[in-house]
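In the two complexes below, chain A is the common chain; its partner is chain B in one and chain C in the other.
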Partner chain A sequence: MSHLLEIKDLQVQYHTEDGTVYALNHVDLELDDGETLGLVGETGAGKTTLAKSIMRLIPNPPGKIEGGVIEFDGKNLLTASDSEIRAVRGNQISMIFQDPMSSLNPVMRVGDQIAEVIGVHEKCPKEEAKRKALEMLETVGIPAERASDFPHQFSGGMKQRVVIAIALACNPRVLIADEPTTALDVTIQAQVLEMMRRLRDKYHTATLLITHDLGVVAQMCEKVAIIYAGEVVEFGTVHDIYKRTLHPYTEGLLGAIPQVHLNVHRLSPIDGLMPDPTIQRTGCPFADRCKYAFERCGKEHPQFISVGDRHKVRCFKAEKEAEKGGMD
Partner chain B sequence: MFRYILKRIIMAIPVLIGATFLVFTIMDFAPGDPARIILGSNATEAALASLRESMGLNDPFLIRYGRFLLGLLHGDLGTSYRNGKDVFELILGRLGNTVVLASSGIIFSVAVGIPVGIISAIKQYSKLDNVTMFITLFLMAVPTFWFALILVIIFSLNLGWLPSSGMQRGFPDNVISLILPTLTLGCGYAALIARTTRSSVLEVVRQDYIDMARAKGLTEQAVIWKHMLKNALIPIVTVVGLNFGTLLGGSVLTESIFSWPGVGRFVVDSISYKDTPAVLGSVVTLAILFTLVNLVVDLLYAFLDPRIKSEYQSTWKRAKKK
Partner chain C sequence: MSTFHQTENPHGQEGNVRSLWKQSVIQFKHNRLAVAGLVIIVLFIVTILTTMAIDQITNYSFYNEYIIKQDLSLRLAKPSMAHLFGCDEFGRDLLLRILWGTKLSFAIGVVAIAMSVVMGAPFGMVAAFYGGKVDNAIMRIMDVLLAVPYMLLAMAIVAALGTSTMNLLLALAVSGIAKYARIARAAVLTVKDNEFVEAARAVGANDFTILFGYILPNALAPILVQVSLGIGDSILAVAGLSYLGLGVQPPQPEWGAILTTARTYMRDAWHISVFPGLFLILAVIAFNLFGDGLRDALDPKLKR
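Up next, the complex of A and B:
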């Protein structure tokens, strides 16, 4: 079965003066039509690098996509020509950036910024693009008469709505949302997420939602990928990840969520830090912080194995348990 | 917008009074007797005294300054001590030449500086960038008189392509005689503008909205010209505006070296003759010009950056009505 967006063995490195940073190591990921996939990981795990790789927006130098395949609709984006990738950007695949404060051009009217993307891809006359831009503004809950305003006249939440309007203006098949609510305060977060969910259902857009908030994932996503130190360590449905957790890192993440209904005095954070990304390691990158680690974990790199329908994990402990389970 | 302009023009008045007062005082304290300059060294003491009396030179300082201001209000800048001609007309005859030289210098420096700066920024740390930055640093550090002389040696003496000085009349001679002064003025400013552009573009280049523009599927050209440059333009406009103001003030050195009949040389000559009306008249004219250029720059800010304030008619209002 072929997927709408399929990432295979993606490797991205940043070549800096202080050495090579291994940002993404052999990442595999898939996204189906209309589906929402949550990509969860801590800061520096490679989430944004992954998002920018799909759009081919990794700044080069210092970044470089060293290997792998990103297949969109059967076509490898990594080998596509510049004009081919431009036809995909903003049209088939759109991206929402982390910080709405800085992702709008401060000297351009918001209406023009929306109309611009429509004009580029739909090759329609200016007036037509402007009319569509006004519609789009209304869709994200901003009155059309504010189209002639500049970004500084909007609040953070409103700006993110404008960014979403730009992203969805050409009705893309995939939306990449890179921590769309991290920079907003909590009440606005809920509004923006609610709106995103409504629009996703309306336009049937497949979404890659990048976040470090597992609560948001439970609300929004069908599938989850947990990313750690540049590799996907566990992948599955929301139910798989929350109820049949396999990877100790996922377990740790879930343990770090405050549970109001349980009588817990302290949250249990994961001890230690992510490994230095400039060092290539032979063993499992999580081994140092893993309470289940055994000898093999420090020596060999675990493979990404399937344990169930679409549940995948990269862990020797889970591998062992799966084998045992299989024998029963 | 109109009220802002009016306010700025009114604010120029104290500047003018201050500048003229300062120059008037300095010229007054400087040695030399205007009556002797006018009548020559053979004049009798009696003739000198009567001329002083009739010109009001024996009146107290403030009364003489007040008389000058009164004349200024009537648009009368007085007559030159040197040749008895109307100062206003003398300046007017030279102002055009200065404006031509200043404009061509600025146009040259902008036309060269901005593209060089952009390319340098986009190819940051490349060989091209390093070489460009070295050349611009050199051009900025080089003194004008030396650079002008080198240009004259190369293009006039050795190659014989261009005249070494003077302003010729008639096309294309006038343009040809403009080339060396323009290069002298323009190269240093082009270097300054290139460096300003580079650092300004570099600040913009890593902004999220530039990634966002690329993520929209725009071509790299559109990203640079539509999104980067307009955001990077304010520091560039500041530098260009200030330079243009300074250049209008007469680039004394360049005009002297190339015997360019502009205001800068006129002021220097007038000072050495203690031709007070001519000096004051020039100062007033240049101060007004400088104020105007600055006003235009400030208005440009508002035009470039909506956060500073823009007040032009929106195309959006028309779109909505349809």
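Up next, the complex of A and C:
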């Protein structure tokens, strides 16, 4: 069966003066219509690089997509022409950036900014685009009369609502949200997430939610991909990831979440740091920090194997257990 | 681009809700020297409009009668109540000649800068926006232009094309291209890495829209400041070239041209060199004060 968005064997590298940074190594990922996929990983794991690759926004130089396929609706985005990709951006696939403070044009009225996206993609008269922009603004919970305000007249949460309005203005099929709530405080976070969920259900938009907050993932997503050092190490449904955790890194991430009902003195962080991305390794990139690591882990690179219906993992320990105990 | 009306903000945040420009205007008003500069510039502009209006209404008979017509009985007359600034070597009233000369000195200075910006800034913007080879190619050509001193380049162009007001304008405009290309490039470089530029790309805007709709309006402030400071230099250059005989030709009154003839009579008639010189200084200082004030007002880091 074909997926709405399918990433196969994606490799992205940054060629800098200090050497080549292997940002994404053989990433496989798929997203179905109307589904929400959480992409979780620590800083520098390659989450944003992955999002920008889909939009073809990797700055070149220094970044370069070295290989792989990103198939959207049966079409490879990596070989699309500039005008084809522009027609996709904002129209079929939209992106919400991390910092709403800086992702709006400071000298343009917000209404005009929303109307501009509509104007770019839908060949409609200005009045029509303007009317749709006001409608969109109301949808995200901002009174239409504020359309003539400038971005600096809005608070952070309001700005993120405007950004979301811009992203959804053309009713895209895929929404990529790159840490949409990281720059907001907790109460506003909850409001924005609630609104995103409501709009997703209303427009039936498939969402790729990038975050490092596993709590947000549990609230919002159906599927989860855990990314580590430029590789997807575990992929599955929320239930698979949280209840049938296979990869030691996922286990470590879950162990680092504060549990309100348990009386523990300290959280248990994962020791060590992510490996240097400028070095290509033969073994598993997590081996140095893994408490289960055995000899094979340091020598061979694990394959991304299926262990369940749609549960996939890249780990020798899980592989061994799957062989031994059979699939559950 | 704005299709929306500015409405009163209904959410009761009026206190700190000011547009960027309004805030800059308030900032500018606090700077008394800058306001003084602006007042002087406005007075000069009023002078220009008045002289032009008189020329139009009298169909140049006033101009011919008082600005051009010689009266040797008043040759090198000292300043008096009848002729406040005295008269020049042909007995023409110096005050009137200076006032009428404002039009030429100012107009050429301002238009030359405007042409420089229009011709130069797009090169710099494109260079900064695309970077890499495009940047290198454009900016190395600009470096070649910059390597030749401003005045020398303008002189060479006038010498090659022949002396006329139009050629003077062209020469000054071309000599300024490299300067404004550099300024525009620097301004665009600071703006283009902002997230809203990437966001614009992510909604499918093309390069032209991004460059002129998103980057240019945000990079305008430093360019405007340099323009206002540059006008002073430009007026000086017009006077300088006219002084060398390469600019405005007699009998048209132009400050630099008046100064040239004044040099011959400096021992006997001090007033012919002092008054046009003072006006020149006044104009340049006014633009510099205005430009300084503009820079302070538009720089968010200097906000108090």
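Quick note on the criterion: the second predicted complex is superposed on the first by the 326 of 328 C-alpha atoms of A that agree within 3 Å, B and C clash if a C-alpha of one lies under 4 Å from a C-alpha of the other, contacts with A are read in each partner's own complex, and residues count from 1 in each chain.
The rule is simple: a residue touches a chain if its C-beta (ideal position, glycine included) is under 8 Å from a C-beta of that chain, and two chains touch if they have at least 3 such contacts.
In this text the structure is predicted, and so the values were computed from the model without any measurement.
Trainee: In the superposition on chain A, see if there is space for chain B and chain C together, and answer fit or clash.
Mentor: Clash: chain B and chain C overlap once superposed on chain A.
Trainee: Applying the touch criterion given at the start, work out whether A:Val120 contacts chain B, chain C, both or neither, answering first, second, both or neither.
Mentor: Both partners, chain B and chain C.
Trainee: Touching A:Gly111 in the superposition: chain B (first), chain C (second), both, neither?
Mentor: Both partners, chain B and chain C.
Trainee: Touch test for A:Arg131: chain B only (first), chain C only (second), both, or neither?
Mentor: Only chain B is touched by A:Arg131; chain C is not.
Trainee: Quick check for you: in the superposed arrangement, does A:Met55 touch first (chain B), second (chain C), both or neither?
Mentor: Both chain B and chain C are touched by A:Met55.
Trainee: One more residue to check, A:Gly90. First (chain B), second (chain C), both or neither?
Mentor: both
Trainee: Between chain B (first) and chain C (second), which does A:Phe150 come into contact with in this model arrangement: first, second, both, or neither?
Mentor: A:Phe150 contacts both chain B and chain C.
Trainee: If you lay the two complexes on top of each other, which residues of chain A touch chain B in one and chain C in the other?
Mentor: Correct list for chain A: 55, 57, 86-91, 94-95, 97-99, 102-109, 111, 116-117, 120-121, 130, 145, 147-148, 150, 152, 163, 166.
Trainee: Quick check on the complex: what are the chain A residues that touch chain B?
Mentor: Going through chain A, the ones touching chain B are 52, 55, 57, 59, 86-91, 94-95, 97-99, 102-109, 111, 116-117, 120-121, 127, 130-131, 134, 144-145, 147-148, 150, 152, 163, 166.
Trainee: Note which residues of chain B are touching chain A in the complex, please.
Mentor: Counting only chain B, the residues touching chain A are 206-209, 211-219, 226-227, 230-231, 304-307, 314-317, 319-320, 322.
Trainee: Can you check the complex and tell me which residues of chain C touch chain A?
Mentor: Residue positions touching the partner: 1-7, 9-11, 13, 17, 19-20, 132, 194-196, 198-206, 209, 213-214, 217-218.
Trainee: Okay, in this complex, where on chain A does chain C touch?
Mentor: By the definition above, chain A touches chain C via 55, 57, 61, 86-91, 94-95, 97-99, 102-109, 111-112, 115-117, 120-121, 126, 130, 143, 145-150, 152-153, 163, 166-167.
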